[in-house]
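Worksheet for the structure shown next.
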Amino acid sequence: MKLFEYEAKEILKQYEIPIPRGELATSPDQARDVSNRLSAPFVIKAQVLVAGRGKAGGIEFAETPDDVKAVSARMLNIEIKSLKVNAVWIEERLKIKKELYFGITIDRSKRSYIAIASFAGGVNIEEVATKTPAQINKMIIDPALGFRNYHARQMAREIGYSGKAMLTLSQMFRKLFQIAMAYDAELIEMNPIVETIDGEFVAVDARLIIDDNALYRHPQYKKRLLLENKTELTATEIRAKKAGLAYVQLDGDIGIMGNGAGLVMATLDAVHLHRGKPANFFDVGGGASESQIVSALDILLSDPRTSVVLVNILGGITRCDYVAKGILKAMEKCDSKKPLVIRLVGTNEEEGRRILTETGIHVLDNMDKAAKRAVDISLGR
Amino acid sequence: MKLFEYEAKEILKQYEIPIPRGELATSPDQARDVSNRLSAPFVIKAQVLVAGRGKAGGIEFAETPDDVKAVSARMLNIEIKSLKVNAVWIEERLKIKKELYFGITIDRSKRSYIAIASFAGGVNIEEVATKTPAQINKMIIDPALGFRNYHARQMAREIGYSGKAMLTLSQMFRKLFQIAMAYDAELIEMNPIVETIDGEFVAVDARLIIDDNALYRHPQYKKRLLLENKTELTATEIRAKKAGLAYVQLDGDIGIMGNGAGLVMATLDAVHLHRGKPANFFDVGGGASESQIVSALDILLSDPRTSVVLVNILGGITRCDYVAKGILKAMEKCDSKKPLVIRLVGTNEEEGRRILTETGIHVLDNMDKAAKRAVDISLGR
Amino acid sequence: MGIIVNANTRAIVQGITGTQGRFHTKLMLNYGTNIVAGVTPGRGGMKIHSIPVYDTVKEAAQRHEANASIIFVPAPFAEEATFEALDANIRTIVIITEHIPIRDSIQIMAHAKDNKAIIIGPNTPGIITPGECKLGIMPAQIFHQGTVGIASRSGTLTYEIADGLTKNGLGQSTCLGLGGDPIVGLNFVEALKMFEKDRKTKAIALIGEIGGNAEEQAAEYIANKKPAKKIVAYVAGRTAPPGKRMGHAGAIVLGKSGTAEHKIRAFENVGVKVARKPCDIAKILAKDF
Amino acid sequence: MGIIVNANTRAIVQGITGTQGRFHTKLMLNYGTNIVAGVTPGRGGMKIHSIPVYDTVKEAAQRHEANASIIFVPAPFAEEATFEALDANIRTIVIITEHIPIRDSIQIMAHAKDNKAIIIGPNTPGIITPGECKLGIMPAQIFHQGTVGIASRSGTLTYEIADGLTKNGLGQSTCLGLGGDPIVGLNFVEALKMFEKDRKTKAIALIGEIGGNAEEQAAEYIANKKPAKKIVAYVAGRTAPPGKRMGHAGAIVLGKSGTAEHKIRAFENVGVKVARKPCDIAKILAKDF
C-alpha cells in the first residue's frame, strides 16, 4: 500500500527527521491560509499516489500566498495519470546546495533488506542506477543485526560526508530504517534529501510503500486504503479488495478469472497469443471460497466492458465443487446473458464438473482451447 | 539494584501478568483502609529488600481489616535483617492448588540468559535445585532468537501442563522475558506462581534485580536507589555510591581502600591472614579521579569504627600521582589523626611517591607488608 | 528417488487442526505420505485422521523421529512456527501459508540459513515426488512417476504444466513449487543443483514469472556450469502491464530484470528453450524421449 | 611468541579521542605496540599522537590492514563499537570499557562467536606479550619477557602478581586479563588451551576470584586433559561475606560454586597448587625454574 507524501512525512516528523515546514490543504482558500503560516517562497505538491507527478504538473512553485491559492486552485482541478488531485501539500522552498538519495527496499535474491544511498539524488534513482551505477552505494542488511548506527555512518561516508555532517546524515539514515521496520515498508525513500546552503539536511520528498501482507499490523492504514478519494485503486479494484481478491483493471474486453497469479498471467498470455484482449487480471487465489467465487464473477459479469468471461480454475487448495457452486450462484444472482467459458480441473474435479454439466453448462479441460474459445466469442467468430 | 515486591508487581501488572489484588500501605490505618477495598482473607507482606523475610516475620495472614491493621502495626515497627520496614503490601489471599516457579537470570558460562521453571515452586528454588535437580527445568536462551512463544510453551509442557493451561502459563513466561529485557534484569522471578483451585495462574511473589550497569536506561529506578528509606544500602554505602565508588560495610576496624575488586579482595584476604579485621570493602575502580580518592578517604577517615586505614593502589588506568594528590587533600580536609598505611605502585608511580614522601608520608611498595603493618597498628603492636 | 522428499520422509503437520491443515493431511495420507504427527499449541492429545497431535514441535519431532514439516498456520504465526521447527532440528520445511509479511520471511530465511535447512515457500503448493511422497496441497492425480524435474514459482501453473506432461506420457521425478512471494527459500539455482545430482531426473522444467531476477540467476548458473541435463523453461506474464501488481507482490515488475521478455531472453541466450504456452513444455520435452 | 598478540599485531584504537583512549594510545605507542589507526565517529581526519583517526572502523581497518582492536568507548556505545569491529573483519578485540550492561555483553559475545572472533573483556586491563605488544592499560614496567603465561579475572591483582613474578626473575610469555564482568569473552579454559599450544609458555598462572564457575570449569578441563605444563592458581575473596556485592557484579557469591573455598578445592582436587597470597605464586613457580 502506497502512502501519500504527507502521510510519509508525518511519520518522518514523528521520528524527528527534518522535513520542510509544510501543511496539507484540500481547497484553494485553505492553501492560502496554510501558506500564511509558512515563509515564502513555497512549493505546492499534488498529493496523488503515482510516481512522476512533477512532469505531469503536480509540483509547482509560488512566491506569495495568493500565488499559492491560484496554483492550488489549478492543481486541485486536474487529474494526474487519471487520478484526481484531492489535496495539495504546501511547504517552504529550501535553498539547495546538493540533493542526495537514501532508500531501503527488498533484495529478493539476497533474501534481505537493502539500503541504497547516492550523492546523485533528486532524479529518478533507477536511471542513475542504470546509467552510472558507480554513483549508487548499496548495503545488504544482515537480518540478525539490522541496520545499525555504524552501517548508517559507513553509508554517509561512502557518499562523501565526514565529521559532523556524516553524523547528522547517518542519524537520518538510521531513523529511516527504524521507520521501515516499524511500518513494514516494502520500499521507503527520501528523495531528495536536500543539503541546504546552510549545511542542514532535510528530507524534501518521502515515499513509503507498506507491505500489503503486513497491513494487519497497521490497522490505521488498512482502513484508509479502501476509502474512496484516498486511494490509487479504481472502484472495481476496491470492491475486489474488500472481497479479498486480487484484481487489476486492463483495457480489453475479455473478463478473465483464475486461481493463482501464474496461471492467470499464463491465461492472459494465452488470450494474447490468440489475439484477444483481456479486460483484467483477476486472481481468486488459493482456497477461494464459494462466496469469493460469487463476488469475483459478479464483478466480471456486471462490468459493461466485458463481452465474454473466461474462468480458468485448476484446483489445489481451491476445490472445484466450491467453484462450480459459486458459478451457479453468481449466474443466478447477476442474471447475465454474457457468455461464460469455463475450464475446470483439479481437486474434486468430477464433482465440480457434474454440478455444472447437470445445469447444462459446458466445461472444458484445456486452458489453451478455453482461451481460444473466449477470443473467438469476443471477436464474434 | 533490587526492586521492592510492590515495584516488581506494578511492572507485572503493566504487562498484564495476573497478580493478586493488592495495595501498598505505610501506616496501620492505611493498611486497614486498603483492606476494606479488598476481599478477605488477606496477606500482609513487609516491603524490605532482603530474601527470606517470611521466616523473619515479614509475611503474615489476617481475616479482617482490623486484623490487617494490627498485623501491619506490628510489622511496621520491626527490622528484618537490620532493615527497617517502611511499608507493607496488603493483598488477597488465594486458594492454592499448586505452586510453581519461573525465573530468568544470567548463565555466565553459556554467556546468555537462562530460563528456569519448576513445578516445585513456593520454596527456596536453590534448595530444590540442590536436592532434587530433576525438578528444575532449564533452557538456555539463544541471544539472537530470544525467548519466543514456543520456548515458553515448551517450558510449560515440561513442568506438566498441556492444552489451555499450557497456553496461559506460557504467556506469563513469555511476558516475564519481555520484562527481563525491557528492564535489564539480572534476575527476575515469579515464585510462586500459584495455580488456584479455580485453575487460574497468579504471580504471588515477584523479584526483580536490575543490572546496575544498565541503570542509565532506567532513570526512574536509578533515582529511587539512593533515596533513604527506599534502599537496602546503608548511609555510608549511599554516600559511596553517589561518589561513584563501590563500598560494602563489614564488621572489623581496618578501613581498606584499593583499586580493582580483585586487589581489594586480596587485600582483605591478606589482612585476615595476618589476623586483622577489615571494616569494609572499598574499590575506587579503574581510573579513579583525584576527587574520588578524596571522597573515598574522607568516608574511611571519618568512620568512627576504623582505627587505621590501609590504602592499596596499583595503578593501571588509575594514576599514582592523582592518588597521591587525593590523599594529601583528604588528609587536609579531614584533619584526621588516624594512621594511614599506603602502598602505591604502577602508572606514574615515581611522581606519586615523590608527592607523598615530600610531605613526610611513608609509602610502601609491598602489599603483604602493608597489610601486616595495618594489622600491627590495629592490634596496637 | 527425486529430490528433498521421498519414501523416507517422516513429516509433521503444523496447524493440523485448522480447516486446510486437516483437509490436506487427509489428502496427503491418502497419497501415502508418511505423516507421523501434527502440532497445534493448546490442542496436544487429540487425534486428526488417527494422527496424534502435540502442543510443541519438539515433542512431535522427538517422539516420531520426524525429518520434515509442512506448515499451514495463519500468516501471523508462520515465523514462530518455522523457528519452532528449525529449533526442533527439522531441516526440510514446506510453508504453505500465504500472505506472510516480508519482514517475517526475511527472518525465516536468515534463521533457516544459519541452520542449513531447506525452506520451500512460503506461498507454495509444496513438493511432490510422485509415487513416494506428497508434501503439499497439489492435486495428486495430475502427477505421475517419471524423469522430469519441475521447479516453479507459480502454484496452479505448475499443475497445468505437470498435467500436460503426464497426459503426454512424461512423468515427473519431483515437482517443486518455489513459492510466489518476493522472499522465498529454495530458488531455481538451488533446485537445479539438486536435480542435476538426482539420478532419476533426466530433464528439468523451470516455470518462472515476472518479478525479481531468479530466472536471470538460473540462466547465469546454466551459462557457467553447463548442466548436462536438458532444461526447458516457461515464463508467465509477457503481457503483464509494467508497474501493476499482478496478484501477489512476487509479480511486481521491477525494472528490466523483472520483465518476462528479459527473463526469456536470458534463458534463450544460454541455450534454454522457452515454451510460448504452458502446453508447449511437454511438446519440447517429448521430442527428446 | 606468546598468545593472541605479538609483534605482528596491527591494532586500531576505538575511542582514541577520549581522555583514556588518548592517554593509553600514547603509552601503548611508547611500549612499541603497532597502533595503526584510531576511530571516533565524527572525528575522521584528525591525528592523535601522529596516528590517523577515521570515522568508521571499516576505513581504518582496510587502509591499515588492522587485525586487532582495543575499545575505549563509553559503555552505552560499546556493543555498537564491537559489532563495527567484527563487521570490519577484526577478529581480536580487547574491550577495556567497564560498566557495560549484561544484556549488551551477551549480544557482543553471541555475535563474536558467530564470527569466530576472540573477545578479551569487557572490563579488562587488556593483554600484553612483553617485549612485543601491549594491547591494554596495564603499567608496562611491571612486565618482563619470560615463560609464565597469566590468565586473570582481576585487573590490578594481575599487576600485583606479575610484579611479584618479575621481581623474582620470572618473566611472562603473555599476560591476559579476562575481565571482571559476569559475561566475558575469553575464559580460563580457552586461555589454557592457547597457552598449552604456545611454545614459549612453560608455566601457567590462573588468577580467579569469587563468583561464577570459570575456575571450576578450568579444574574440570585440567582433570580431563591433564596439561603437561605446570599450573598454579590464586583465588581472591576467601573472606568475602556471601551475598554481598564485592565491587562488581562478577564477584557476587552465587551458591557454593561461587565461593573461593569451592574454587580452591576444585583446583587442589585436580593437583593444581593454590597460592594463599598473591606473592606466593612467584614462590611456588620459582621452585621449578
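So that you can tell them apart, the chains are marked A, B, C and D in the order they are listed, and the count of residues begins at 1 in each.
FYI, contacts are C-beta pairs under 8 Å (C-beta built on N, C-alpha and C of every residue); 3 or more make two chains touch, one makes a residue touch a chain.
It should be emphasised that the depicted structure is a prediction, and the values quoted were computed from it without experimental measurement.
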Handout entry: Rounded Å distance between subunit C and subunit D, as computed from the means of their C-alpha atoms
Key = 50
Exercise for the section: Please report how many Å separate the Cα centroid of subunit B from that of subunit D, as a whole number. Expected result: 27
Practice task
Could you give the separation in Å between the centres of subunit A and subunit B, each centre being the mean of its C-alpha atoms?
Solution key: 55
Practice task
Would you mind listing the residues of subunit C that make contact with two or more other chains?
Solution key: none
Fill in the blank from the handout: Going by residue number, subunit B touches two or more other chains at 144
Practice task
For this assembly, give the contact graph shape among line, ring, star, complete and other.
Solution key: ring
Fill in the blank from the handout: Contacting chain pairs, sorted by label, are A-C, A-D, B-C, B-D
Problem - Complex contacts: residues of subunit D adjacent to subunit A - result: 41-45, 55-59, 80, 83-84, 87, 111
Exercise for the section: Give every residue of subunit A touching subunit C within the complex, in rising order. Expected result: 106, 108-109, 111-113, 126, 130, 142-144, 181, 184, 186, 211-214, 216-217, 246, 248, 250, 258-266, 268-270, 272-273, 278, 281, 283, 285-287, 314-318, 345-347, 349, 366-368
Exercise for the section: Mind listing the subunit D positions that touch subunit B in their complex? Expected result: 20, 24, 27, 75-76, 98-103, 105-107, 109-110, 113, 125, 137-139, 141-142, 152-160, 163, 180, 182-183, 187, 207, 209-210, 212-214, 217, 234, 236-241, 244-251, 255, 276-279
Fill in the blank from the handout: The answer for subunit B against subunit C in the complex is residues 145, 148-150, 153-154, 157, 162-164, 166-167, 170
